[in-house]
Amino acid sequence: MDRNVHTFIGCDKEYSESNIVIFGAPFDSTTSYRPGTRFASAAMRSESFGIETYSPYLDLDLVSDARVFDGGDLELPFGSPEAALGMIQDFTEEILADGKFPVMIGGEHLMTLAAVRAVAARYSNLHIIHFDAHADLRDDYLGVKLSHACVIRRCHEILGDDRIFQFGIRSGDRSEFAWADEGHVTMRKFDLRTLPEVAEKLADPPIYVTVDLDVLDPSQFPGTGTPEAGGVTFTELREALKIALGRNVVAMDMNELSPALDHSGASTALACKLMREALLMIGGKYK
Amino acid sequence: MDRNVHTFIGCDKEYSESNIVIFGAPFDSTTSYRPGTRFASAAMRSESFGIETYSPYLDLDLVSDARVFDGGDLELPFGSPEAALGMIQDFTEEILADGKFPVMIGGEHLMTLAAVRAVAARYSNLHIIHFDAHADLRDDYLGVKLSHACVIRRCHEILGDDRIFQFGIRSGDRSEFAWADEGHVTMRKFDLRTLPEVAEKLADPPIYVTVDLDVLDPSQFPGTGTPEAGGVTFTELREALKIALGRNVVAMDMNELSPALDHSGASTALACKLMREALLMIGGKYK
Amino acid sequence: MDRNVHTFIGCDKEYSESNIVIFGAPFDSTTSYRPGTRFASAAMRSESFGIETYSPYLDLDLVSDARVFDGGDLELPFGSPEAALGMIQDFTEEILADGKFPVMIGGEHLMTLAAVRAVAARYSNLHIIHFDAHADLRDDYLGVKLSHACVIRRCHEILGDDRIFQFGIRSGDRSEFAWADEGHVTMRKFDLRTLPEVAEKLADPPIYVTVDLDVLDPSQFPGTGTPEAGGVTFTELREALKIALGRNVVAMDMNELSPALDHSGASTALACKLMREALLMIGGKYK
Amino acid sequence: MDRNVHTFIGCDKEYSESNIVIFGAPFDSTTSYRPGTRFASAAMRSESFGIETYSPYLDLDLVSDARVFDGGDLELPFGSPEAALGMIQDFTEEILADGKFPVMIGGEHLMTLAAVRAVAARYSNLHIIHFDAHADLRDDYLGVKLSHACVIRRCHEILGDDRIFQFGIRSGDRSEFAWADEGHVTMRKFDLRTLPEVAEKLADPPIYVTVDLDVLDPSQFPGTGTPEAGGVTFTELREALKIALGRNVVAMDMNELSPALDHSGASTALACKLMREALLMIGGKYK
Amino acid sequence: MDRNVHTFIGCDKEYSESNIVIFGAPFDSTTSYRPGTRFASAAMRSESFGIETYSPYLDLDLVSDARVFDGGDLELPFGSPEAALGMIQDFTEEILADGKFPVMIGGEHLMTLAAVRAVAARYSNLHIIHFDAHADLRDDYLGVKLSHACVIRRCHEILGDDRIFQFGIRSGDRSEFAWADEGHVTMRKFDLRTLPEVAEKLADPPIYVTVDLDVLDPSQFPGTGTPEAGGVTFTELREALKIALGRNVVAMDMNELSPALDHSGASTALACKLMREALLMIGGKYK
Amino acid sequence: MDRNVHTFIGCDKEYSESNIVIFGAPFDSTTSYRPGTRFASAAMRSESFGIETYSPYLDLDLVSDARVFDGGDLELPFGSPEAALGMIQDFTEEILADGKFPVMIGGEHLMTLAAVRAVAARYSNLHIIHFDAHADLRDDYLGVKLSHACVIRRCHEILGDDRIFQFGIRSGDRSEFAWADEGHVTMRKFDLRTLPEVAEKLADPPIYVTVDLDVLDPSQFPGTGTPEAGGVTFTELREALKIALGRNVVAMDMNELSPALDHSGASTALACKLMREALLMIGGKYK
């Protein structure tokens, strides 16, 4: 008798036959307002059974047109960000070493730092495309350097200037916007409209795509800890992802879903649908 | 002393003086994900007191400009879909026999089959206009033929090809889209834009309008069991209904509201408002 | 790389090395009031990580002192009770055939009928100990024979008089209480106080234990569809289970948790803790 | 075709054939903390379908053993307490004039004043038995005399000393307890234990029974605006009501259920069950 | 040791050094459907710590670019609208007398009447710009004159014809729309598009801006008692406020947030963000 | 004009005139299951206005019979437990240095370590009375030493054997119970019955009382992250506190309320009432 294992819908390939590996990074200890993103990956696995494996947008199906292994959730030590980051970095490196594409489900946005550390170690010219409502460019937050509010600043310390492209940003303190204006990163405020031009420029280098789901308008995605009115629509984000993931992307993550704030389940369902689209964009037709 | 009876707001005409009959079909036994639509009609009656009887869109009022009888809710046997369908079919036939217009509030979408059976028996050339996020064209679902996921396929077995027009469809398995592409039904994916042309072609035949409220974007209508991002707006649906109900419509239904998923009450309020508009479109000025 | 599989906490033995098999029967199509028990087994698996594997009541631990395989959830066809019962019966028979002890997590109480069918086929002298707020002795419910409200009556049709012992019953229609009074079943109303005497009498025969969690007072277990004030405490039920499971018990189930009604998670946590205790009572020390 | 009218379960007698009239008084404008009791009577009507009409405690059934008319809800003007009280008083007088027993469902506790005004006008020697967590004996609350926090003080102005008996009181300001100690009312703090003696003394005079459901412990009845830990159990209250309603009771009310605070529905279900018991105690066997 | 006082974020100036005073008016006794707006100001203070003090829209910061004193919440007597209005009027007059700009957070919309009474006494030519889904033009509501549903009608009694400009109105009874059509007020139905023209005309006179947040579409602002589908977006309202507050505005309010209906917190967060923008528009750069 | 400051009800003395200081320690970064206790102190301040300042149990009133200063909430750096502990320790030392009694509201239970560090530095013979469902005696949790699951073990490292007395413990892993059995701490499992004897023995030494509110049964206190069935009642805990706080207690804390899990508000209300009782027990009549 086999175990009846619940993976993310349609992601039931064996590790050896897969070319994409999704996994959960359930950690939210540095979240400064409402915690709860630690439950995102489990909720998405559960709720993914409310969507179909087939995408009418792409005419592709997770079962027949992609090879995704669901690696489950890492068991991360709450209260110890550096230890958690280390475990994620190791896991990401293992996936990369096996020639597979890592897709991480957060968790809070700080987790991105771990994956970027792993990917940057392998790809010297790594660029980041970053979708978010928040700049995440603080140098520290209440004295803490390893905070969700500083994650892109920490990534910049690894990659340096001209490597990070932000979209949809509409919240931060004055210093973050000023620092971006100094040219360290390229920030598109409020919407995603400059993405096609940016994508054109980034035809060659390896790219890490990080999606903080709160880039979406809270009407479409209320289920997150710090909702910021004035965001983009699902359709805009889906189309932007199609452009971004059409580049030489080598890893991605999706984070900041907080299921306990998602009474109707609509935010979790949206995240699942966007994940399906992303997985098919990355790995469609056994690419 | 009279009973103080709670009908849907403004629908307090006697049966004999009415030309429209609304009633609830509280059944959701075949719902495959989150059940709860059985409570929709009761919730709509309750929450309808939060809206007005007057429509500033149509400059018509349910009290003075329409004649609607609220027949209450049928008592349907959970766990026995065929028995439930039979009771709804009988009730619909009685309304039609009395020369009145039936408006059913679901419940799950399978209930539409019962009403279509009754209406098709009376109108040989019946057509269906179908608003939905989901194709509902499966031949069976886990071996079950009488499932919400198959309801339009079952209707097609009654009506045949070229009679069913679907709008807003953005979810289904590959086989459903393929079957539609074979020409059995006319499916408009993602939006409602082709409705005016379709409506023009359908100037004469009797039409059944079925509204699965999940055709709406989950931002506007989170209170449903299987929310699908990327839907239409309330305004788009209201305007589409105005076009559709301007044809030779002989019956309609509205379904898939799930009140327990509607924490704020906004989805139920929207359903009530859309129902008011629909009732006035159908029966405005004692038409 | 292994999948990171989520079983009920501490129930991660292989099938071959196990002597107990737990599995979920997620079905609630005949629920006549608030549905949602279909999500109980998944919620219990998730929430079980909030409790410990060790019982200070029994000084036993699921990891070291029991051998339980978690068989996951069956995929049951909503809207088709007979088909669902058939699948559960087959699964239960397989477990029994392999000499293991089946522990089913409902789902609605009707699912018990399937397991009883399987167990009764193997044990000719089967008795039932039944904990519940509701008598479940109706002959039919709105014309439906396969209803949660009739499940013990259906079991009686298999086992006959003098085989069924009910505890904690405090709701039903007059006919159910009258039928019990005729002597078909032995019903203890309101509390569990006669259990020790009953257990003494039932020293030898094989016993099926079915626990409808709404036997508990709603203060302790609000997360169920039809809460009935005036029930028993967790401590009373735990102690009663210890007595009952000390007999020659051959199968058991626990049902009617409805996670969507359990805002705080306390009902799900209680169900997990009671399940841990039950598993240790059944299988403690590799018994 | 008849309307399918939803009354409180089993209370579907015609007015003329009834001897008990229940009605809702949905008003909560003076509630000083969390409002919402205005929705109690509608919620109880709805949720009453989750309980049975038969009581195994009393071996009586609402359908066959009582004659109750459900008069629906009064439409009361929010923001105008005196006007609301006037409407309730008029309605209660009409019921009394027809020789029937009024049972009011609040709303906030202030509504009791209206019914007491009507009853006291007819019964010169009226006494009150009052179950509550709160003394409700303030002379005014923030300068307002017609406040839920003053309702028993207002009743005392009508009835005078030695007529009011309070049970379960565990909250109030010092002045309320001091005023009670002066002998104006008889207050039993914390529990109901002196009720049998009080009931014995009150064998003859007409009695009004008012039940503020927050007398119950919040574990059993969380669905109320100002929960006070340390209350009584459902069983204690049910047994107390049996004693109280066995006297010469001429009217009663039950109030302070706040459905929006009752996520699981267990508080509303308890209120319905207690109402069923009360109706059967008052009117059992066509008394 | 100082108290650690929680003001609205960034509004921690002393009264003497401030030129804007925000305060809460927690009252909702006349709310005719779902009450709860009394908790809005407290919730906004709490949740304001989830947003930043800096606005990337205006490049201004509450801490460095505005001088706002948070006066806390008035303690208003529930059940007594006239008394509550009196207290608010007095408080507003005190602020005006000190040469400061009052910003009131409701509470229900009736509270606006109190502030308008105070402001109109000081500015003889006062005009009102009113954003709302509801006309609020009834002469009375169930006989009550001091009702949220009548508030603009009451304001009209003070100001007279040609002084009130309404935007976004999409709900009311026929008489309200008819009365507006008679020319007493200027009503823009459904959207805000005529605001620029109106603002141009209102270059000189003193203006009171009242924002009923339910003018927003319920998708963006579900957290309100009477959600009306078909509203405006956050971006539209923010831009409209920028135009309106660019005039000679002398006072403003924001009302009808109902936190208990805002499960995700997104509505409260939106209200906080809009308040930040409004405060910066009014008082940016120590204007 | 004064700020209208919201303290915990009745705790509005100036620092200089107070002898008790309550403050919040909003931190939950190491919580291993459902986070959210960071919001407890703010929620308790808010909800405290639903209770009275007068205790009918003690016949004492916070306003007239105690001198409590509410120091507000510390601003603690999420994700950095050691830094947070340092800030709390400093703050506690300041209170102690001023001869006042510190009462901390958590937050997660780890925060107790900070206060114990401060108190133990001043009182060499410090003992701890610990109410909890969980032993909290792990040496580490997933490798983390500063975890809520290890807090009493960390306190033991400061105080040594025979100083810590635990009550109500009913959850932990086997090693925790074994370690307690070795005699390092005195653990009373399941209930509080041995407290009177323990209190008698502890007549002289200085005592720190730490109350993890999950010692209560989840029926009475569902609003906590890891509810454990089988706990004590409010009345039992209130009476136990009266005994414990009658000793030479020098500091106390109350923790693990998680407001987001407290839908009805009853858990927060209970915590407020228990805090009122505790403050009056500690400081009643200007003791």
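Couple of notes before you dig in:
Lettered A, B, C, D, E and F in written order, each chain numbered from 1.
We adopt the following convention: contacts are C-beta pairs under 8 Å (C-beta built on N, C-alpha and C of every residue); 3 or more make two chains touch, one makes a residue touch a chain.
Given the structure is predicted, the values throughout are model-derived calculations rather than measurements.
Residue contact pairs shared with B-D exceed half only for one pair among A-F, D-F or E-F, and that pair is E-F. Per-chain Cα centroids separate subunit B from subunit E by 38 Å. Chain geometry summary: the mean Cα position of subunit A and that of subunit D are 55 Å apart. Annotation for subunit D: residues touching 2 or more other chains are 34, 217, 219-220, 263. Taken as a contact graph, the chains fit none of the simple arrangements: neither line, ring, star nor complete graph. Which chains touch which is summed up as A-B, A-C, A-E, A-F, B-C, B-D, B-E, C-D, C-F, D-E, D-F, E-F.
The residues of subunit F lying in touch with subunit E in their complex are 1, 3-7, 15, 21, 23, 42, 46, 69-74, 94, 98. Per the touch definition, subunit B reaches subunit E in the complex via residues 49-54, 56-57, 59, 61, 217, 219-220, 234-235, 238, 263-266, 269-270, 273-274.
Looking at the complex, you find that subunit A touches subunit F at residues 28-32, 34-36, 38, 75-81, 83, 110, 141-144, 146-147, 260.
Partner subunit B is touched in their complex by these residues of subunit E: 33-34, 169-174, 177, 189-190, 217-220, 222-230, 261-263, 267.
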